[in-house]
Every structure is written in C-alpha cells, then in structure tokens.
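Got a structure here, written out as structure tokens. Questions coming.
Residue numbering begins at 1 within each chain, and the chains themselves are lettered A, B and C in the order written.
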Amino acid sequence: MNAAPHPLTLHEDRLFPSDPTQRAIARRLYAQVASLPIVSPHGHTDPSWWADDAPFANATELLLVPDHYLFRMLYSQGIGLDALGIPRADGSRAEVDPRAAWRLFARNFHLFRGTPSSMWLNHVFHEVFGLRLRLDDGSADLYYDTIADALQTAAFRPRALFERFNIEVIATTESPLDPLAHHQAIRDSGWGGRVITAYRPDPVVDPEHEQFPSALQRFGELTGENVHDWDGYLRAHRQRRAFFAAMGATSTDHGHPSCTTADLPPAQARALFAKIVAGQFTPAEAELFRGQVLTEMAAMSLDDGLVMQIHPGCFRNHNRGLFERYGRDKGADIPLVTEYVHALKPLLDRFGNEPTFRLILFTLDESTYARELAPLAGHWPCLFLGPAWWFHDAPEGMWRFREQTLGTAGFYNTIGFNDDTRAFLSIPARHDVARRIDCAVLAKLVSEHRIDEDEASEVATDLAYRLPKEAYRL
Amino acid sequence: MNAAPHPLTLHEDRLFPSDPTQRAIARRLYAQVASLPIVSPHGHTDPSWWADDAPFANATELLLVPDHYLFRMLYSQGIGLDALGIPRADGSRAEVDPRAAWRLFARNFHLFRGTPSSMWLNHVFHEVFGLRLRLDDGSADLYYDTIADALQTAAFRPRALFERFNIEVIATTESPLDPLAHHQAIRDSGWGGRVITAYRPDPVVDPEHEQFPSALQRFGELTGENVHDWDGYLRAHRQRRAFFAAMGATSTDHGHPSCTTADLPPAQARALFAKIVAGQFTPAEAELFRGQVLTEMAAMSLDDGLVMQIHPGCFRNHNRGLFERYGRDKGADIPLVTEYVHALKPLLDRFGNEPTFRLILFTLDESTYARELAPLAGHWPCLFLGPAWWFHDAPEGMWRFREQTLGTAGFYNTIGFNDDTRAFLSIPARHDVARRIDCAVLAKLVSEHRIDEDEASEVATDLAYRLPKEAYRL
Amino acid sequence: MNAAPHPLTLHEDRLFPSDPTQRAIARRLYAQVASLPIVSPHGHTDPSWWADDAPFANATELLLVPDHYLFRMLYSQGIGLDALGIPRADGSRAEVDPRAAWRLFARNFHLFRGTPSSMWLNHVFHEVFGLRLRLDDGSADLYYDTIADALQTAAFRPRALFERFNIEVIATTESPLDPLAHHQAIRDSGWGGRVITAYRPDPVVDPEHEQFPSALQRFGELTGENVHDWDGYLRAHRQRRAFFAAMGATSTDHGHPSCTTADLPPAQARALFAKIVAGQFTPAEAELFRGQVLTEMAAMSLDDGLVMQIHPGCFRNHNRGLFERYGRDKGADIPLVTEYVHALKPLLDRFGNEPTFRLILFTLDESTYARELAPLAGHWPCLFLGPAWWFHDAPEGMWRFREQTLGTAGFYNTIGFNDDTRAFLSIPARHDVARRIDCAVLAKLVSEHRIDEDEASEVATDLAYRLPKEAYRL
C-alpha cells in the first residue's frame, strides 16, 4: 500500500507545539541544548562493541533483531518471530535471509505510525545513513543496501559512531557474575571513550529466577565467599560492588517485580536466607527476600557511594509459549500496578534521611506519578525520579511525566533523561526527543507566563546535561 | 435562567483544535472521512424498530426515557425518575405527561454543558430535526412539537432514518434466550438494511444474576440440552452460537465484573459447575466460573470464528433503593479498578497465540490504557483494543485513549469506534464525534511533524471504516 | 546563580492558553469573575489572627515557617528544618536568625520553578507587597526588609488584609475539643468579617491517633456525656455539632486514611466501640470504627443540616525520624490508592437518596476522577466533588480534574474552589489561579464549539461564586 515513493524528512521543529508562540520559545530553548554532549547513565548497550570495534553486520542484525519494541509490534499483528530471524532460546535460529526479514519489516512499517519507534528509526535513517525516502515496501532494498554499504566503512564502526554521537559517558549494565572483560579491554585499548558499567545483581537476588541456584554458585566461586551463608552473601556483594566501582560504575540497578523493601532483624534475615538457599520458600518469602536485599544494597551504598536505582513493576515473560520457544526479553513483558508508599517505608525509615544516600525511582505505572512518586521525591532528600521509562518513553509519556510530577516534585527532584536502550544507533534520537519535549514543556510554561524564559533556559540545560551528571555522580 | 432565545449552531469545525495549523489539517483529514458509511459493530439498539418500522412516539419517549446518560445526570441533581416517566421495575409508571417531562428536562439542560450528551443531542436537534434554537425552558414546547410532527412523517420511520444515516451495518446484542424473531422478520421483509445480532450470554453465565436459575432452565428448554451438566451446558452454547452466527452474528460480548479468566482441568470445571447449578457457591466460585466460561467461549471462537469482546469492570446497580424500585440500567452503574495482566493469563496461555483467535478488550479503568492494555495489545496477536467506552466516550476520553495507547499499541491494534448505544438517533452524532477527534489527534501529530499528512489520511480512513470492518469480520 | 537582578512580573494573561483564540475568550470570561468576592468554605487559617488582629512578625514567620509546601521541597533537596527555624515537636526551636532562614529560602527559590508555590508567592510578593524584582540570592534582603516594613503598618494587619482581599466568608477548621474562643472573640468584637468554623472530629474519631484516649477523655469532660459509652459518645458529637453550628459552622470535615464507611447494627456498633475505648482493637477494627462514625455523622447531618466533607487517602507522617523530631504536618504526608465505590456503599445505601443530605468528596488519587468519582457524583443526588486538592491544587491538577470529571459529572456536580490553606496571604492568589484555569478550560470548550460563550460565562460565575456558596449552604 506504500508503493509510491515518499520523501523522508526530519523537520527542524518536530515535536514542538504548533502554536506559534510556544514553538518560537521552544526553538530558542532547544538551540541551547541541541548540541550538548550526551550523558547516558542508564542503558543496555553491549560493551563488546567498543571493546572490539568490529563493524555491524546489516540493517536487520543492527536495527531489527535486537529491538524488542519492533518485533513485539510486528508479532502483535501476526508476524512470527522466525520470519524475522529472532534467535530462539536454544540458540537455534530460523534460516531467514536478513534482506527478506528487512523487507517484511519495511512492508509493515506503517504499524509504527505515531509510535516512538518510528521517530527514532526515521532519525537514524535520515541522520546516520542519509536516507531521504520513507521506509516502505518500495524502498526496502534501497535501505538495506545503503545501510550495508555504510556499515563497511570506518565511519560506522562503534567507536567512530560513539564519537560522532558526542557521547560524554555511557553506562552499560552487568550482572555481578560478569568479569567485565570488555570494560577492561576498552580501558586497555587507550581509546578515550568513557564506557562504564552498572551493578545489576538481579540474577543473584531473585530466588524465582530460573537460574538463581547456579548463579549463586558462580557468585561464590567468583568471590571466594560462602554465599550460602547470609553474611558471606553480603560480603560477596560488597566485593563485587567494589570491583564494579573500580571499573567505573557509579550506580546499581534493581529490576524487581515490585518496589517492596524490608528491614528484618539480622536473625530473621539469616533465617529467611537459609530458606532461600535451600529452595524452600513461598512466593511471599521470595518477595520479602528481594525486599531485604534492597535495604542491604542501600546500606552498602552509604559506604561505597553507588547511586541506587529501582525499576519495579513488570510481569516478565507474559507469553508462556513464546518464552518457552524464544526465551526472555522478547517483547512479552507487561507492566503491573505498583505501590511505593508502603513498599519503600522500611528502607526509608532506615536510610531515608542519610545525606549521602541517593535512590532513583522509576515506574511503569503512571498513576503513581502524581499520587505517590512526586510527593515522595518532593519530601525525602534521598529520592529522585527517573524519567518516563520503557513503555512511557514516548512524547506523550514524557508530557505526562512532567505534567504529573511538576507541581509537587518540581524539575529538580528529577534527573533528566535515560535512554535505557540496547539500540545503540537510536541513542542520539532518543536524547533528542527528550530534549525537544522538555523544551516544549518549558515553552508552554513560559507562554503561559508561569516562568521566565531565562529560568526555562537554565532548566533546559539542567535537564539535558547537569542533572544526569549530578544524579549519577558522573 | 435561559429565558432569552439563543441560536443553536453546529459549527463545521467543532471539536477541532483552535490552533490554525492543526485546525486546517484536521479539516482536510475530516473531509475524507465525514461521509464514509457508518459501521456499528457493537451497540444496543432494539431490532424491533427495523422489524416493525413503526413511528416513534414523541421526544420524551424517543430521546429521554431510554437514555440513562440523561436521567442519571438529572437524578444527580435531585430530579426523581418518576417525574421523568421512567418505568419502574414492576412495569408500572408514574402518570406523567410526556410534554411535562420534556419541559423538566429542557429546564435543566444546562446541567449537560460540556458533556457528550449535550453534543450528541444538539447534533440530533440540528441535523435530524432542523431545530435552530437552543433547548431551554423557552424553547421546550417548540422542540416537543417539532419533534412530534416530524415523527409522524415517513422520513422519520426507523428504516428511513437507518438509510438516511448511511449505516452499512449495525449489530444489536441479544441473550442466548432470545429467539431472534425481530432479526428474522427484518430478513424476511426484503428490506436491504443490514442488522445483525451479537451473542451476549451473560444471563446464563453469571450465577450472581438474580435470574440465573430461570435463565438456565430456559436455556435448556431452548436447546434441548441438559444444561445442568457441564458438557451439555457447553453444547448448548455451541448450538446457540451457531444459530446466532446464522442470523448474521460475527461476535460475542461478555460484560463481567472483572476480566478474570480461568483454565481449569475438565474435572474441576465439572465440579465447579455442579456447585453453580446447585446454587451452592461462594462469590469467589462465581467469579471463577465466569472466568472459566470466558475461556470456553474463546475455545468456541476458534471453531466458529466469532470475535470475542470483554467489557469488564462495572459495579452494577450501586443504588440499592433505586434498583429495588426501578430495576437495572438506571444510571447507577459505577466503574471499578480492573486488572488485566494476571486476569487474562489463563485464557492467553491457552489461546493467545492462535492465529484465528481475536479478542477485543474494553475498559472503564483508564489507568490500564498505558500500563496494561496497550502493552498487552502491542504484543499478543489475538488482542485488540476497543475504543473509549461508556463513561469515557467523550472528547476528553477519546483523547486520553489515543494519547495513552498510541506509543505502545499504535493505531493498528485498535479497532475504530463503537457507538455502544441504544439511542438510535444519536448514532451519526457519536460516530461524527469519534471521527472528528481521531482527525484532531492525527492533525496534532502532523502539525508536530511526527507523521506525514498522507499517512494521517490513511489512518483516518482506517479508523473510521476499514478497521472496524476487519476487526469484527464484517 | 541568580545574582543578576531580574524583574518580577505578573502577566495579566498568566495561565491562559497561548493560542490567540482561546486566550481572547479566556480573557473575556475572566474579566467577569476576577473581582467577585472570595468564598473560602474550607481551609485551615488561624482564627486568632482576626480575633487579635495583631501584626505578623516577619517574612520568615509569615510565609515560610507555616507553609509545609515550601519546607518539604527544601527538605527534599537536603536542607534541614532546623536551618529554616521550623519548630520541633517538643516546642523547642533551633536558634536561627529569621533573616538567615529567609536568605536560605531565597537562594533555593529556583527549586519551585513551575510549581504552584512559586506562582502563589510571586502573586503575594507582587500584589500584596509591591515587589518588582524576582526573589533570589541578590534580592533576599530587599524582600525581607520590604515585608518587615509593611507588616508594621495598619494596612497589613489581619483584618485589613481580610477586607482588602474581598473575602465574603472564610471557614476555619476546629476539633470538637476547641472552645471556639477566637470565633467568639471575633463575634464579640463587632468587626464585620465573616469567619466561621467547621467541625473536624478526627481527634475523637481515629483510635490510631496517638492522643485518642486523652482526647476522648476531654470530649467527655467538655460535654458532660459518658463518652465511653456508644450512645453517650454519639450524644456528645450531637452536642458539639450544635455548638459549632451556633458559631457559624455549616460543614463537617473528615480526614480519614480511606473512604471506608460502615453501617453496623446498633449492637455490633456498641460492641466495637467497647473494644475501641478499651484500646483493644486491631487495625481493621479501627478502620471499621472510623467508617461507622462516618455513617453516624451522615445521620446527624440529616438532622442539623451540616454539609459533610470526606478528605481520604493520605499516609500521614511517612518519615518516622522527622515525625519523632518535628511532629505532624511537616510535609511528609503521602497520598495512597483510594477506593470509593465499595467504600461508600454502606453510607450511601442508608442515606444516599435523602434529599437534604450533602456529601462532598475529595481525593488525592486522581485515577478515581473519571473511574469512580465522576460516575458517583453524576448519579447520587447527595454527592458533589470537591476541587483538585492539596498535591493536585496546581494548574495541571486543575486541568486534569476538569478534563476527567466533565464528561460524566458535568460542571454542576462540582463545587468550585477550596483554598484549603493556612497561608492566609496566598488566598487571593489561589482563588485567582482557580478562576483563571476554569476560564481557560471553558475557553477551550468555546473555541472548539462545544459550548457557547454565554453559557461559559454563566458557568465561570457559578464556579467562582454561586456553587461554593450553595454547596456549603453559606
């Protein structure tokens, strides 16, 4: 249906309100932040890209296969993952010509109209690859060939793109079991790009993860601690956190089903851990254990200064059949109702007023923005709000985030943008969207005479650059 | 207070943003969809209207008495239902001059300022009856007489209006116990209007409905099955579904208190049913039973191709006193918190990846749009989102629906508009509002350079016409 | 960072949409309501101000120390309450120069950018004190001195400000244990300002309040009733309600953790009360007791005509450490998920259809606006919706309130604005914001041709003046 060629444009005023007053202000604000360096303190890129600096393969491998935003939408319209060449849980993969997969994607690109994926991709197509026709059935091969040709050139190697994208610092996320060999290789290489890690201990914290027993085993081997004993387990965390910090980490990241925290007396914590390592626990005990570990992590943050992040509230792998065939992270994670006020109280009662403690909260349940998160962040000195996240990382989601947190938390209890992505090429596009939306939000405030333009200008720069650096101690 | 006569106008740009850029785009988009035929796949009109083609009585009987949106608002301001001539549960009715009831309504029409009811009614007044003064105390009699005169003419008979409204197809909703005599009469009449039914089995599915035992009894008589046995009960459903499909039905509709589904082993389902038919069940068992039946309905949909719809989350008959006197559907239904992620998992685990299965979800709990429904519909191939429904079928509600589902579900996991009404004359008004708002939403996207206008144009047509036909297999 | 002086302006079009069409309409509507008298039926000002008419002390004592909106934000950014001179729970207070505290506040005033606090304060600075430079580090002393000078003049005494502010009536809130001596003194003084009380019985209703036993004791002494017996307890309430009504009260106010109501048979209520007074109760019994008292209060309202208000859904004193040191109301209250549909049913089943009963509902959980509150208020004749409250008393919160309640409850099941404040000087600013936002909302409706401008004009006046008077029987 998209056979006729259509130009691909990237309008300089995209995402700005059409009202001329607001647009003019937004333009002026954006001009001040557009070219600021990218600070990316939270994401899931692969450090081997910069360690090895090997060329990317082709459009499908680079843009489609790793991006669950894309194939979840295609799957929702009846397109099977095998037809896109998505790897299966057992490591096998349908034999699919990557060009055929790309054509299938192109033919269905209209499904993404109005979604952030189409904005990000069009930005990549236009700015990174210089494409000037819209992606559709008719342009699929042009795209595939253009991208393939570019990827063979030096300018499209990971380190060159990192520099071209003006990335000041990027954090990846690793398990405590990761030896951080890629990060070491980057450091050893003499290349100047700043790629740091973040400590994400979920595999050794969540007893309901299918690989928890083996991960715990490995955790012990790696640290030389008796991790089947509560005190040894905590010491192992401290040791790995120190190693991660030495490799540049400034933060930890915790992706739990809820925001539950706990502060058990030591004897109870010890007894609970004994059940956990014995595999003799109820779901409620698993939940309590995860909550206790969060509080222990806070205690360690007081000592080592790592900024803590909690990303709660997702039902992982909602599609059992798909999970069994293709494994985790295949676009079948669904947000849940999430409660923060009671959930965080044990941790906050213990550490909430400590001047050096910092905890960044995220949510997939927007009903908590104005009701719980902004009031919490607008009171507790340790709490800051992460940006609109994952399913809400879209222009509308960003507007809702600002409009629902501004009154109570202001701008200065928020931390600017996280791209949270493994889609490397989309990083400039994502930061650009965030900067444009923050400028649009500020332009509306200025146009309604709620703040002066010089104040808006300062806030725009703070959100784009200063606050993320400060929040993550970068 | 409204004694001075005011003109009634229906502005050609109504509901479009006032920003000139957006308005111009919205106008162009709307021009392409304004006169498309009406596809009404879900509603509650009375098939006897088209079977009998008898004239409607008067303004009060036609517009006020059947419309719980109207008398709930009047009741909320202290106007009793008897004064409006609303029938009581026992079939009696206060002796009220319909003209006096109409005057009472007219005197209070200011209560509806800004509500969708006033928009719909003003559309009907202006377009259907040619009225050019606003409804108020002073114009009440003019309205009453004008409408009464019109209703006596051939042009205002149900079939004539159906044709004038350019309705391509309309679905009504019937209980499995309904003999579908009116639908048969329409077919036998030779008239060309397409009026189909939809299978709504709630009376024989909800054990907590006060008439469940007698309905079940009748279900057995009608089908010749032993419906007090689980297998016979399921066979009876299959038989009636086949009959409904033969009478044009392409969908089933399920109005449950929650979205709970269940997938019990056959022996457990059988044992549960035994308790249900014995009337020996707890509320939790009633809930489980309704959830099990939903999964059975999905199984049947795989065989007969009927599209499944779930409308969950309403506390019915919240006003006990009013219910006892006036019965059901008197404007006292109140939405509830509704959960989808856990609730749907049993059904989805069994049928969610079946290519021929289609399940359309509705909600009265908007907090689920971005959190649960868009992520579910943006992953599962069987799931589609119904439009903003009932209390949310208003311009603001439609904007929220689009702004909260677009990022994750896009446009193409939604199904266009349902009028869901028993107010026949308002059908063109309701579809017009939906088309205007979708064009306004698209115009905003175009004005902010997020999609091109040719794409918006295609989406507008898809939402107004193509998607509802495809979604309901019409 | 704000060293350069910046002008402080108060734009005449502030808070109006920048779109020229909407702005022009909003201006015209606002011109009709801008100077209407202030009706303030719900707030927490101190009646001693008008009883004594003593001058206020200085900027810090007047504007900063009593305003938990301000010091909660400062605290959230690491500024201790001692540095601001906030009194401690034991009555002591850090020795802080009020000028130094003011400078600290001024230096951090950028934290409030975009929040309602900055709007309210800038209005006070500009309109009440005639300041024309923005508050920052450089202007802190100018502010402090200007305000100190003004406060020594007769024009800045509480009664003079009351008159200057054009307050027609203001309600304070008192405990049943309050002798209302200040209200008596105001009446005895011959001054014409109308200052009334409201009956807020929480201290003798909430068994989980730390001072409940002593409050109950005092309740008995004050009324001469045996308040440890259920019937005596209820008689004591009736007696104090009558006294409050005699002192001008037209309403009661109930700040409960949830909206739970109960309607127990008398014997069960009596037995429950016996547990409560014995201090032998579970949290669930405390909740049930509070719910039972709400229903008893409704019964009394039928007799004495006091309008009932419920403000539910706040976790009080979320910061244990801060509470222990500084006591209640220190900005550490956090909203909770709040349910209304099941919670209100017992009370509504008993009194919901009584023509003289009136119950005004508030919420801190905006997800209930469209889902529960608007449908409830759009049906039950006794129910009305209070305005966007507390954390939601901001331009964005007011827009959400209107956009999420309008479709189902209209304008006429809402009651106009409450300032709900103890910050006396901010009262005109707060009402001004509410009037501007309601005019902006109406202007949008007019610009989109949904209501006519004469209708909008009537609604604007109703919301600003008529509805609050009627709702509170003033």
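Please note the rule applied: a residue touches a chain if its C-beta (ideal position, glycine included) is under 8 Å from a C-beta of that chain, and two chains touch if they have at least 3 such contacts.
Fair warning: this is a prediction, and the values are worked out from it, not measured in the lab.
Visitor: Do chain A and chain C face each other with the same patch, meaning over half of the contact numbers show up on both, or with different patches?
Guide: different
Visitor: Hey, what angle do you get rotating chain B onto chain C on C-alpha, to the nearest 5 degrees?
Guide: The C-alpha superposition of chain B onto chain C needs 120 degrees.
Visitor: Roughly how far is chain A from chain C, centre to centre by C-alpha average, rounded to an integer in Å?
Guide: About 40 Å separates the centre of chain A from that of chain C.
Visitor: Which chain C residues touch at least two other chains?
Guide: Residues 19, 367 of chain C touch two or more partner chains.
Visitor: Looking at the complex, which residues from chain A come into contact with chain B?
Guide: Residues 1, 6, 9, 11, 13-19, 72-73, 75-78, 110-116, 118-119, 134, 315, 318-322, 331-337, 364-367, 391-397, 400.
Visitor: Which of the residues in chain A end up touching chain C in this complex?
Guide: Residues in contact with chain C: 19, 21-22, 339, 341-342, 345, 348-349, 352-353, 355, 367, 370-372, 374-381, 383, 403-404, 406-413, 444-445, 447-452, 454-455, 458-459.
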